[in-house]
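Two complexes, one shared chain (chain A), two partners (chain B, chain C).
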Partner chain A sequence: MIKQLFPIRHVMGYLASLVLSAAALIVIYGDLSHAANVVVLTVTAIIQASLQLFVFMHIGESADTKKELYINIAYALFVGLITLFGTLFIFVWGWYA
Partner chain B sequence: MDLEKFKVHGEPLIYGAMVSIALATIGILVGLTYFKKWGYLWREWLTTVDHKKIGVMYILAALLMLFRGGVDAMMMRLQTAAPEMKFLDAQHYNEVFTTHGLIMILFMAMPFIIGLMNVIIPLQIGARDVAFPRLNAVSFWLFFFGAMLLNISFVIGGSPDAGWSAYFPLASLEFSPTVGNNYYSLALQISGIGTLITGVNFIVTILKMRAPGMTLMKMPMFTWSVLITNIIIVFAFPVLTVALALMMFDRLFGSQFFTMANGGMDMLWANLFWVWGHPEVYIVILPAFGIYSEIIATFSKKNLYGYTSMVFSMVIISLLSFLVWAHHFYTMGQGVMVNSFFSITTMAIAVPTGVKIFNWLFTLRKGRITFTTPMLYTLAFIPIFTIGGVTGVMLAMASADYQYHNTMFLVAHFHYVLIPGAVFAVIAGFHYWFPKVFGFRLNERLGKHAFWWIIISFNVTFFPLFFLGLMGMTRRMYTYSEETGFGPLNMLSFAGAVGLAIGFVLLVYNIYWSTRYMPRDTTSDPWDGRTLEWATPSPIPAYNFAVVPKVKSLDPFWEAKQKKVSLFEDKITKIHLPNNTGKPFILGVIFFFLGFFLVFSMWVPAIVAGVGVIVMLAAMSFDQDHGFYVSAEEVIATEKKLRGETV
Partner chain C sequence: MKIDASKPLEYSTEENSNKIFGFWVFLGAEIPLFATLFTVYFVMVNRFADGPSGPELFEIGPVLAETFLLLTSSFTIGLAVHAMRLGHKKAMMIFMGITLLMGLGFIGIEIDEFFTYVHEGATLQTSGFLSSLFVLLGTHGAHVSFGFLWGVGIMIQLWRRGITPATANKTFIFSLFWHFLDVVWIFIFSFVYLKGLM
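Now for the complex of A and B:
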């Protein structure tokens, strides 16, 4: 009973995301190579994002809304990637120089 | 503490504004006390979670902001009416055009549309309220106090003055040292969070709470447009949230995201702003398309032509709206490849928009058209918006844009798109749905008078700006010399602005006149409507539908009237409704103070207010309020009173 009342999953998720955020600080305070920094950021970011999706946003909880879920994720990826690569396209690859 | 920074000096106009704000506030407070309306105000409005009342409050706030933004516009037109005018100085002019843009887009067009959404969407889908009624109240109060925060900037500390797009480096602490742009980042942030919550709320409402039988492809077009709009809100607003947060860090805490030193990049602000800003344009335009679709179908007595293509064109517009943002800064320095890409995507948007225009025209074809006030606005929208759209395609050509960029041609273009696209739509929707909410129509004669004033004056005001732009007049210049030859056309434009003002005064007078003298509508369906909102009695009872309707087709109410069958088959049972709550209002007030203290970097009070926000959020999370039930007998009695018969 007490186990159900206490949101252990969410508390653990919260702590984990704090740890991940702190771990990413290695990039600033540590003395790693550029490549290693990028790896650290990418790995922590991916774990962080999936943590949010699975623990706090209840992805995969209900089976009947799978289609809407995938449409949503596709749309989010579309907007996110467009913004990211569009910005790179404007300021880096396509910059007039 | 240094009181100097609160003061705004020098201008008799600002002192006038201070006095009028103070007098209005005192007037409202005294009036409320004298008529003993404090309790009524608190019980019926400030604590309400009813989507209809929240919608009405949104619309009232939007009308108020329309007049604030309108006065800004008049001041600008007066200042530029003749060469070397001395009405406003450069600084004051900068503040006025900045707040005009901010208020008209974020605190007039958006809340007006969200207000109509609030009133109509649950009714159109046969629901009793939105999915999260309390969250809806939170949305409203965050928007409202965000708007108030921006409005007080005019008299306390100074308004933002770097344009509504607040481009860096101009908007940075180095070049705009006043608190104006602090107000910008915080007021927009607070109301932006409210909008984001609205987005989530309405997506859930539309996807989950439709009446049985209403499949996605049987939804009314306004509901479709609102669904797509809210999806755009949910994906676009986080970009603004992040950009504003970075701006706040830059201005308050000395970070260097958008400065030109220490690895900062000023142009990244313009980039992020328009990644949000372009979808924002469609956030205000798409619901307008929905409103027009409803009105055209109703007053042509036909179902909407090309329903499926309407839906798909909106979906395509929503995707394309995220692919065009760089067309706002073709001249910033990116190469030919980038500009060509964004040029092509921009022109592509004209295709689905064209599909919609043709669908409306084909709906009108062979229809039995009645020329009511909302229909007149709709019919005027089609040609005027097309002029706006075609000049938009002219601007979309990157190489030609080097000529038009930042001239009055652009100003004319976006007013030609936004005023028919958003303002006419909300006015049309306002006239159309007014009898649903208040139980009587607005006077048609006065409405048409206002319409002709507005339509003609609109063109007189903004058409000359196309030519001024081509003659080389840039936007945002506060005065010009006589030799430029800009004088006569600017004077013409000012004359148009006066006409517009008369039109809007007539519109408000119509509300006053109709409230006093218009006969009450007893049919609850004054326009011979097609969709479910007209199946409820007017004014609408708190629970909307005594019995949840069963939907079998598009335009279910029309179908039911034709076949003389009832939409309501079930028996009346008890109805579950949410309780009112004062917490969203209090949360809004605390947010207002948090914003205000942050604007002036008053850290200790800001931290106190910040803790207050967290405490309120926690209190709302642990709320154990399960609402109440209206008994079946009570529902039957109410229905009898409203309809004169049981359902």
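Now for the complex of A and C:
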């Protein structure tokens, strides 16, 4: 009963997200360079977001809509990232900075 | 209503499948919304005028508690959907109840955090940094608050009607919303708090 209610996939996904959150703390308590810190944050955040998407939200489970959902999320990320990096390019990294 | 028994209950009718698909499209619109709020924050982060800056303001303790609560609640809502697919109504309601209580705990800590900030003279009007910070955190917090009320409503229906194609569908869509809020929080945790404190 207990084993049935706690599928191993979900438990592993949960433990992995806790470990990744803890690992990200190295940027505060560790002694890495600024660039390395940003890489650590980016990598741990992207892995965690993917865990949620694939393990918990089961994005690929329905064969009827699988392709459409991937395109939908990919397009949303495309719009979001263009907004983010386009703005940073002009206001933070560009000559207005 | 044609019920396709080969699929999980929440997908079992055409209307149900369409609702799940529609909700994914909605989440596809939420991504640019939060991306825009993050963008504003990154542009404003060093413009703290006469007010406090991020490192002066942020405290890691409450942030870790919030992160733990949201991560765990995202796990328990996943377990609730899993229990639902097994037909265990009681286990499903317990997991969902735990999820909502953790959501409430998260909101409580965040309100306390805002209260502390304002008490330290860091208000919405103090600086560009604080305006963008409060709007980003507040939009996420408003989503969690709305999610809490939504989840309570679904639990009342589950309790009264049991696991039906309609209530299963609502619960599944709610779980998608809750996981999404956790994803947004991960980015706030990493790129607002940890980046601010590093």
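Just so we're on the same page, the second predicted complex is superposed on the first by the 75 of 97 C-alpha atoms of A that agree within 3 Å, B and C clash if a C-alpha of one lies under 4 Å from a C-alpha of the other, contacts with A are read in each partner's own complex, and residues count from 1 in each chain.
As a convention for this text, contacts are C-beta pairs under 8 Å (C-beta built on N, C-alpha and C of every residue); 3 or more make two chains touch, one makes a residue touch a chain.
Remember, it's a predicted structure, so these values are computed and weren't measured experimentally.
Trainee: With both complexes overlaid on chain A, does A:Ile73 touch chain B (first), chain C (second), both or neither?
Mentor: The answer is second: A:Ile73 touches chain C but not chain B.
Trainee: Between chain B (first) and chain C (second), which, if any, makes contact with A:Leu5: first, second, both or neither?
Mentor: It touches chain C, and chain B stays clear.
Trainee: Would you check which partner chain A:Gly94 touches, where first means chain B only, second means chain C only, and both and neither mean what they say?
Mentor: first
Trainee: I'd like to know which partner A:Thr83 touches here: chain B for first, chain C for second, both or neither.
Mentor: Touch partners of A:Thr83: chain B and chain C.
Trainee: What is the contact status of A:Gly13 with respect to chain B (first) and chain C (second): first, second, both, or neither?
Mentor: So A:Gly13 only meets chain C here.
Trainee: I'd like to know which partner A:Phe56 touches here: chain B for first, chain C for second, both or neither.
Mentor: Only chain C; A:Phe56 stays clear of chain B.
Trainee: Is the number of chain A residues in contact higher for chain B or for chain C?
Mentor: Here the partner covering more residues of chain A is C.
Trainee: Once the two structures are fitted together, what part of chain A is touched by chain B and by chain C alike?
Mentor: 68, 75-76, 79, 83, 87, 91
Trainee: Taking the touch rule as given, give the residues of chain A at its contact with chain C in the complex, in rising order.
Mentor: 4-7, 10, 13-14, 17-18, 21, 24-25, 27-28, 34, 37-38, 41-42, 44-45, 48-49, 52-53, 55-57, 59, 62, 64-65, 68-69, 72-73, 75-77, 79-81, 83-84, 87-88, 91-92
Trainee: Mind pulling up the chain A residues that touch chain B in the complex?
Mentor: My answer: residues 68, 75-76, 78-79, 82-83, 86-87, 89-91, 94-97.
Trainee: Which residues, counting only chain C, touch chain A once they are in their complex?
Mentor: Counting only chain C, the residues touching chain A are 7, 11, 17, 20-21, 24-25, 27-32, 34-36, 38-39, 42-43, 60, 67-68, 71-72, 74-75, 77-79, 82-83, 86, 88, 91, 175-176, 179-180, 182-183, 186-187, 189-191, 194-195, 197-198.
Trainee: List the residues on chain B that touch chain A in their complex, please.
Mentor: 207, 231, 235-236, 239, 265, 267-268, 271, 275, 319, 322-323, 325-326, 333-338, 341
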